[in-house]
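Same chain, two partners: chain A is paired with chain B first, then with chain C.
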Partner chain A sequence: MTRKQRKALHAIVVYSLIALLCLFAFLPMLWMASTSFKTSSEQFVSPPRWIPHNPTFEHYTKIFFPTRLSSGSFQIYFFNSLFISFMTTILALIVALPASYAFSRFSFPGKDSAYFAVLARNMFPLIVFLIPLFSMMRILGWINTYTGLIVAYMTFTLPLAIWLLKGFFDGIPTELEKAGRIDGCSRFGAFMRLIVPLTASGMTAAGVNTFIQAWNEYGFARQLTESASMRTIPVGLAYFFTENTSDWGGLMASAFLFSVPVVILFMVIQRFFIAALTQGAVKQ
Partner chain B sequence: MAEVSLKNIVKTYGDVRAVDDVSLHIHDKEFVTLVGPSGCGKTTTLHMIAGLIDLDGGHIFIGKRDVSELDPKDRDIAMVFQNYALYPHKSVRDNLLFPLRMRKIDKNTADQRINRAAKILSIEQLLDRKPKQLSGGQQQRVALGRAIVRDPAVFLMDEPLSNLDAKLRLQMRTEIKHLQQELQATMIYVTHDQIEAMTMSDRIAVMDKGKVQQFGTPDELFNHPNNVFVAGFIGNPPMNLIPAQIVSEGGDKKLRMGQITFAPQSARVHDLINKAVGDKVVVGLRNTAIHMVAAGTPSAINTQVYTVEPTGDVTYVQANIGDKMCTISSPDVAYRGRLGDPITLKLDENRLYLFDELTGKAIV
Partner chain C sequence: MLKNIWKHRWDYPYLLPALGVMGLLIVYPFFYTIFLSFYDTPSSRPEIFFVGLDNYRELLRDETFLLVVKNTLIWSVFGTLCPFLVGFLAALLVNQKLPGLNFARGLMIVPYAMGFVPASHAWRWIFHGDFGVITGTLQYLGLIKDPIPFLQSPALIMPSLILVNTWKSFPFVMIMVYAGLQTIPESLYKAARVDGASAWSQFWEITVPQLSNVLMVTSMLMFISNMNQFTLIEIMTGGGPAYLSEIIVTWIYHSSFQTLRFGLASAASVLLFLVLIVFSIFYVRTLTRSAVQG
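Right, the complex of A and B next:
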């Protein structure tokens, strides 16, 4: 084999593997989209059809205008998910920004243990926090409230956000704040005017991550909400299966709409996001 | 511009006294350098003057004001950092504007000052660029510019040339010195490079272990070092410091350096020897105070070449005196001795220093 042929073969192997991986990721998504446009009878025909013969929007109509009174409508789930994810992101950033800055810049008693405690959260499966959280929320009267869920989501969004942002702060030379303080800023002023603008990409990375984590969360939302009006989309999806029925069409239509915001979010800021993650990782 | 006074300032980290009772009085319009090896406390001292590090004791005055408790922004200082610390998200112009805007200086005055600083530093054509688009030397100029526009009472420089390549460092060295004289600025400059200190400063404070070892003009430090540390630190190549013992032979005091016993001829050196407290001393000789002479010269030392280092305009010869490797300037630039070649050395007794081995202090 010549050198050229070897290179070509190499490319073929690499691209085949990549294609296989893409198929693996995309086929279920395509199947989901396809099924959401099929009538109930067409969903189970054999052999399965990728393109529906009689495309229908009935499932979409159904999820927005449910006939059963007990089930919430998709727009309510959607609003709940959006609101909770958005507020979780804002709160996580508000807390993580000063926290990670302190971990990066200050030395204070118990700093290492505190930082360890933050990261140690990741050593336990989330589900072990559910029961204590549930008890706490009940005492606080936060069961079935937005506040309850948003606060509960801090347990898994904050550690990652703090860790990510600390990496960014570590990469910014301390001389910048020193120069700022000499140039006329207070310590806090230097942080706000000089350091925060430099972490814009870091905040985006941490923010997007937090948003997606909160958007996808199921377990906490399932246990800490009670009424249909408080359900988030992942919880709502579970209600398409009842004891007697399995509403595949409704499920697929909802799941399809559920994935759209995240896909769009990712497509828009993908480049930025990757740059941000690698920039934080490599210190200058 | 203003004078700066440090009165018994102290900084401790745990058990370490990073800055140990340092007092300096720096005159108005003076260029003073704090120089010393890493960890000597020079940068800590500078940061204490800036207000970036709190004092554990003592006072700092800028002009007549006690600034010990003031925030950096209220001390009327400007600082240039080793890594320049330019604000990466701001253009050069905005970097220069930032300190002025923080001080609420009106737009016209600010523009005037920026243009003046840009002209002095020849960075006019760079004003709209971002720091990332500049070379190291250009970034350094912008950092200087950001200090100049402030028109501060004191300029503080924290190893500003260390990140530049050797050639640029020489050029900027000249420029900073020129700038200080042009602006009639009080400048406190920190470096570990004694050549920078020697070439730029009106006075130098040599620091070691948190203390000022000697504060004086470059000439004073070079010609009259207070102690062994200053003698070994100032000068390039450093002073040859040879451990010696004072011995009496036939009622005559001599200096024994390893295998060699040196009988001083001059009254000056005898006088120094008589002033020594113990019998252990250190003999200090600059490379130019040891002469290569013809073999057989009376009261000269015979030794052998270790290496020869031609630099172009000077040729250094390394050879042992006693057990100590010494550097000697060869009188003949073209001298190219080989390992083991015999040479004869004559010590210049008028320029021989004697230090107490125990305290390190110069015997005078």
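Right, the complex of A and C next:
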């Protein structure tokens, strides 16, 4: 084989394996999308059709324009998911911002063990925290409330936000605060006026991440809500068939609509996210 | 010590909100779980009764729980190994110097970007007992006659769930390994080629040793997140049929919120904590070791 032939063979092997992997990654999602455009009878035809013969938007119109707005409508779930994820993000960022700054800049006693506790949280399953949280929320009367879920979501969003924001603060040179202090800023003033404005991109990345985590959460939302009007979308999807018997088209349409914003958000911030993920593992 | 704390007294207000929230939501639940694991919590009465180590004894004698432990091991080991191999291969492929591979890398991340909830519903439909697309296609091609019971048969249920996890998690491995590959200096490969090393020996002598840290960290993160995987299994099978796909976290959930045995579930949580703490220490060690070397 000549050098040129070897190169061509190499390219063919690489591209065909990549094509296989892309198919593996995409076929399940394509099947989901395809089902969401099928009529109730066409979902069950044999052989399965990838491209529907009678494509229909009925599942999407049903989601966007329900004949009657009941407490179990997608709109209600959507509003709940949006509101809870948004408030969780705001609260997590407000609490995490000064803490991650302290972890990045100060050297107070107990810092290492406190930071270890933050990181260690991510090692434990959320469900284990649900038993004590459930009884705590019951005592506080926060079961089936927005407050209850938003506070409970701090369990996993806060450590993540602190970890991500600390990474950003580590990247800002300390000379900046020193210059600010010489110009007469107080220490807190230097933090608020000089450093916080610089972390806009870090806040965005941490915020989007928090939002995605809260948006996708299932176990807490399932157990800490009781009435249909308080469900988030992930919980609503789990109850789908109790209201609509074996309507896979409707379920796939809802699941598809639920995933699209998150996938887009993830694609936008993936560079930050990947940098944070790999910073510890990759020797620089 | 006290003097040092006094010197840094103005550092702590920055942490106060975070420490308050973490104390209430993480530290308190942690100790409450340990406390509750020594108590019987009958669902018919509001009181709880101290029973010492009875919950632990019951767990270790319970055949269902031992099956659940076995399932957890199978799920965590193969649920890590399969995505790991596929993701590693994907990283090596997109790292070749050919046009269009960056785009392919972006495409392949999508399953990872999607939430576990919609992904699990999609696969539940793909694996459907009568109208699943795999069964339907194979039947159409005449390769099989009866539907494949992906989520019903004892032999297929774990492999099916592991397949879903491979699909969902291989992009994570790809991202990590790809980032690691970028840090290997090209000069190492050049020198090896001058010495006449084959591609195979370059891979084992340069790529794998240079990536050792990334591979360790990635597999440990995967293993821990698999042990903690609740959503995928709860939605796809709910641990059933007959505990065949139940893992420790879903068992804890069902024992506390369905059979209301909070004490017993807490004891299982404590055992899980112990295992995970060992892993965490190992993980943090690897991370700090790499920081020292770097």
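Observations, loosely collected:
Simple rule for what comes next: the second predicted complex is superposed on the first by the 229 of 284 C-alpha atoms of A that agree within 3 Å, B and C clash if a C-alpha of one lies under 4 Å from a C-alpha of the other, contacts with A are read in each partner's own complex, and residues count from 1 in each chain.
Basically, contacts are C-beta pairs under 8 Å (C-beta built on N, C-alpha and C of every residue); 3 or more make two chains touch, one makes a residue touch a chain.
Everything quoted here is computed from the prediction, not taken from an experiment.
Superposition of the two structures on chain A leaves chain B and chain C fitting side by side, clash-free. In the overlay built on the shared chain, the residue A:88 is in contact with neither chain B nor chain C. In the superposition on chain A, contact is made by A:175 with chain B only, not with chain C. Set side by side, chain B and chain C differ in how many residues of chain A they touch, and the one touching more is C. With both structures placed on the common chain, the touch criterion links A:251 to chain C but leaves chain B unconnected.
For the superposed model, the angle subtended at the Cα centre of chain A by chain B and chain C works out to 90 degrees in steps of 10. In the superposition on chain A, contact is made by A:154 with chain C only, not with chain B. By the document's definition of touching, of the two partners only chain B reaches A:186; chain C does not. Contacts of A:121 after superposition on the shared chain: chain C is touched, whereas chain B is not.
When the two structures are aligned on the shared chain, A:104 is found in touch with neither chain B nor chain C. By the touch criterion stated above, A:194 is placed in contact with chain B alone, chain C being left untouched. After the two structures are overlaid on chain A, the closest C-alpha atoms of chain B and chain C sit 8 Å apart. Comparing which residues of chain A touch chain B with which touch chain C, the overlap is empty.
Remark: chain C residues 1, 4-5, 8, 10-15, 17-19, 21-22, 24-30, 32-33, 36, 86, 89-90, 93-94, 96, 98, 101, 104, 106-111, 113-119, 121-123, 125-126, 128, 130-131, 133, 136-137, 139-140, 167, 171, 175-176, 179-180, 183, 213-214, 217-218, 224, 227-228, 230-231, 234-235, 249-250, 252-253, 256-257, 262, 265-266, 269, 272-273, 276-277, 279-280, 283-284, 287, 290-291, 293-294 touch chain A in the complex.
For chain B in complex with chain A, the touching residues are 47, 50-52, 71-73, 75, 77-79, 81-83, 85, 87-89, 98-99, 102-103, 146, 150.
Within the complex formed with chain B, the chain A residues making contact are 173, 175-176, 178-186, 194, 197-198.
Here chain A touches chain C in the complex through residues 10-11, 14-15, 17-18, 21-22, 24-26, 28-29, 31-32, 35, 43-44, 46-48, 94-96, 98-99, 101-102, 106-109, 114, 116-121, 123-136, 151-152, 154-155, 158-159, 162, 187, 212, 215-216, 218-219, 223, 233-234, 237-238, 248, 251-252, 255-256, 258-259, 262-263, 266-267, 270, 274, 277-278, 280-284, going by the rule given at the top.
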